[in-house]
Amino acid sequence: MKLTHLNEKNNPKMVDVGNKTPSTRVANASGIIAMSREAYEAVLNQNNKKGAVIQTAIIAGIMGAKKTHELIPMCHPLFISGIDIEVMQNDEKYEFKLIARVKTEGKTGVEMEALCAVSTALLTFYDMLKAIDKTMVIKDIQLESKTGGKSGDFKR
Amino acid sequence: MKLTHLNEKNNPKMVDVGNKTPSTRVANASGIIAMSREAYEAVLNQNNKKGAVIQTAIIAGIMGAKKTHELIPMCHPLFISGIDIEVMQNDEKYEFKLIARVKTEGKTGVEMEALCAVSTALLTFYDMLKAIDKTMVIKDIQLESKTGGKSGDFKR
Amino acid sequence: MKLTHLNEKNNPKMVDVGNKTPSTRVANASGIIAMSREAYEAVLNQNNKKGAVIQTAIIAGIMGAKKTHELIPMCHPLFISGIDIEVMQNDEKYEFKLIARVKTEGKTGVEMEALCAVSTALLTFYDMLKAIDKTMVIKDIQLESKTGGKSGDFKR
Amino acid sequence: MKLTHLNEKNNPKMVDVGNKTPSTRVANASGIIAMSREAYEAVLNQNNKKGAVIQTAIIAGIMGAKKTHELIPMCHPLFISGIDIEVMQNDEKYEFKLIARVKTEGKTGVEMEALCAVSTALLTFYDMLKAIDKTMVIKDIQLESKTGGKSGDFKR
Amino acid sequence: MKLTHLNEKNNPKMVDVGNKTPSTRVANASGIIAMSREAYEAVLNQNNKKGAVIQTAIIAGIMGAKKTHELIPMCHPLFISGIDIEVMQNDEKYEFKLIARVKTEGKTGVEMEALCAVSTALLTFYDMLKAIDKTMVIKDIQLESKTGGKSGDFKR
Amino acid sequence: MKLTHLNEKNNPKMVDVGNKTPSTRVANASGIIAMSREAYEAVLNQNNKKGAVIQTAIIAGIMGAKKTHELIPMCHPLFISGIDIEVMQNDEKYEFKLIARVKTEGKTGVEMEALCAVSTALLTFYDMLKAIDKTMVIKDIQLESKTGGKSGDFKR
């Protein structure tokens, strides 16, 4: 199977999307960070006051999505028209699950932007909490759904 | 438990490490991307020729580590003195496992740099292969070990 | 009053502008730096020769405007179609007043880009002159006017 | 008076600080944003819940300080060892005053980093509130104090 | 002859392209790096295995093209729709010649993006090989052709 | 001959310089842009007034040097302690020759920083003048000399 990101000499290239039709595209990606009870409660206690950890992670995720084309070598720069990140608690497993929704109107999809948003936000959780728990695990970063574009809709 | 990244008003701050003693610090982080057999074989067939996917991911990981302080809001900029990323195949599970080793001599550790290296490299795998498989999952991003610094060594 | 940059959980989001109609948008912003006579004359003496301070500030302002979406967390990346910065002398007060005019054709305005241009250019004046005068004050950074977009025109 | 940032041909240069002695350096800078009562109360009402505006501004300020050498053409890149930003309310004038404290151990001071932190944070206030009030004014951005370095201490 | 990048006061400005008609634009740029036989063979021996030097240079060139508007002060940010870099060997002269092809649909051309791609890729060759040969020379960076835009097609 | 930037699997790595001794390091690099008489005179006529082209190129070169570790994948981030760029006219050949001098105190050299400074400045000349002459050629980018570091001094 030929990889789209390689040219005929098998060197990386940025795929030519010039002939694609611009359309509205949305991608949702999710990911989880699992932590100790102590770290989990530090987030929530904090949360009752100012939500510093959660909000810092959300802001980092939004800014990280805007950096996607700088981080992922073959990604196209694009106009992101909206980003929203939701944080869900799992009080039994001491986990936070993040869902990022990214939207654009253009010639390329925003799957990578949604994945970068989730990934950067989860890493920020790690950074804010690593003094309490170094064993935290980031897991299950995956595309939940996408709409728009020639390759059609995708739903996990 | 007080979070080190918050000030007395519970607003985020960049921790003052000015009084810490510079020392040699090393961090190892790992992470996995699981994919379909078809995607897995596309990487390896490619690999037999020029290793385009693996090498692009490694380069992205190294460059991503250098961007850590731009991505993670409370991270200190620092001098990275070395980065090496290893890619391991799991032919039975169709997974690639990455291990990033980052080194510095300074006042702060490089756990976040190692985690960012792994995370960016795994996202690059996803980007290069998403035309073949959109269901890939990035998982088990975690700190394997760290040495140096006042908080002492850590081994998972 | 609901803030547009917050979602229903009061966490920051990048507003969805996907449904807005693209239009030509222009924003003008201004700001002032007040300094000692000695610093003021150093700029002008220099100016008679090569205008190094003023021109460095203008270039920094133009480049700063292009970084707006990296600096301001909830700002959309956008295509800037033109930037021009004017520098006006006030020989009596030893002040320089800057006016930045930024233009785009898109779904979001360029107020923040014009304000970032002015702000970065003024900070560059400060940097170039701080060896002479550390008491300089940057003041009156404000939007002068904007045209285009659904919210209509604005004139101070 | 010769400007340190110009070479003998009056072209800009990055000053050679190679022979300076590294020392602990701290800079404090402040700045104010004045707004309508309506905007002011939107921040505080918000603040009672999650402090979204204030916290987003603080995070932007910290990240902006780290970008100083990218924004200000002749600034040296440096290792910032700590950043803290304080936000003070003025309920009578509907103003927020920000004070940024930046610290380093090195060969150059962090005045510009402190000024960039304040400036970026104030611009973020503007961005978050501009849907309510476009007439806000950013003012009185100035260096409050600095310690360390050959040129000695400064206090406004 | 008036320079388009200067305003009426001879200060730099970003040219207003707002009234230009968007069109498909392509630019090809080339450049050469000449090196010792020893360095040349190190690339090729390497190439037989994994092509590490060539591929790292190509990736750097693609990422460098995306940074054009950050590097070149008066360049507009734009949507790049495709980048491909070809590397040609000259076994007699121990030279590599690179050709970058960049495409966009927009209001400004991509000459600078193609030149930045070539330039960054050539510098990366230098970096990867400088331990073997410090006398390498980068030369003949030039625009080969451009199509699209009001100023018409160009062919060297 | 083994390339230092490759690991035992021939994948790129950032060389570990942790054990190197910090020292003062200086690098000088040069490069030339050749142009038509018309373009050449446009620079100089401009130069008689405000030197806009030359000064913009110098500023771009200084800022480009600071971006070296973002552009060149395996380059270490480092503290640059000084940058100076000289521009020399060749009135007979209609060429400008640039020499960049970069200095650091650290564990790695600044050859790449000096080469990036020259390269970015020359590309900026091209950008500022391309409306007059698209046939300009950038050539002879090379390291002139370096001092400091274990590999010893180099002089072309």
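Which chain is which? They are A, B, C, D, E and F, in the order written, and residues in each are numbered from 1.
We take it that a residue touches a chain if its C-beta (ideal position, glycine included) is under 8 Å from a C-beta of that chain, and two chains touch if they have at least 3 such contacts.
In this text, all values refer to a predicted model and were calculated from it rather than measured experimentally.
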Neighbouring chains shared between subunit B and subunit E, ordered by label: A, F
Rotation angle (°) superposing Cα atoms of subunit A on subunit E, nearest 5: 120
Shared interface numbering between subunit B and subunit A [over half = same, under half = different]: same
Cα-centroid distance, subunit E relative to subunit F, in whole angstrom: 15
CA centroid of subunit A to CA centroid of subunit F, Å: 36
Intercentroid distance (Cα basis), subunit C paired with subunit A, Å: 31
Separation of mean Cα positions, subunit F and subunit C [Å, integer]: 30
Multi-chain contact sites of subunit D, meaning residues that touch two or more partners: 11-12, 50-52, 55-56, 59-60, 63, 67, 70, 73-74, 77-79
Which chain pairs touch, all of them: A-B, A-C, A-D, A-E, B-D, B-E, B-F, C-D, C-E, C-F, D-F, E-F
Sites on subunit C touched by subunit A in the complex: 7, 9, 11-18, 69-70, 73-74, 76-79, 106-107
Subunit C-touching residues of subunit D, taken from the complex the two chains share: 1, 3-6, 10-12, 31, 38, 41-42, 46, 49-50, 52-53, 56, 59-60, 63-64, 67, 70-75, 111-112, 115-116, 119-120, 122-124, 126-132, 134-143, 146, 151, 154, 156
Touch list for subunit C against partner subunit F, complex: 50-52, 55-56, 59-60, 63
Subunit F partner contacts - residues on subunit B that touch it in the complex: 24, 51, 54-55, 58-59, 62-63, 66-67, 77-87, 103-105
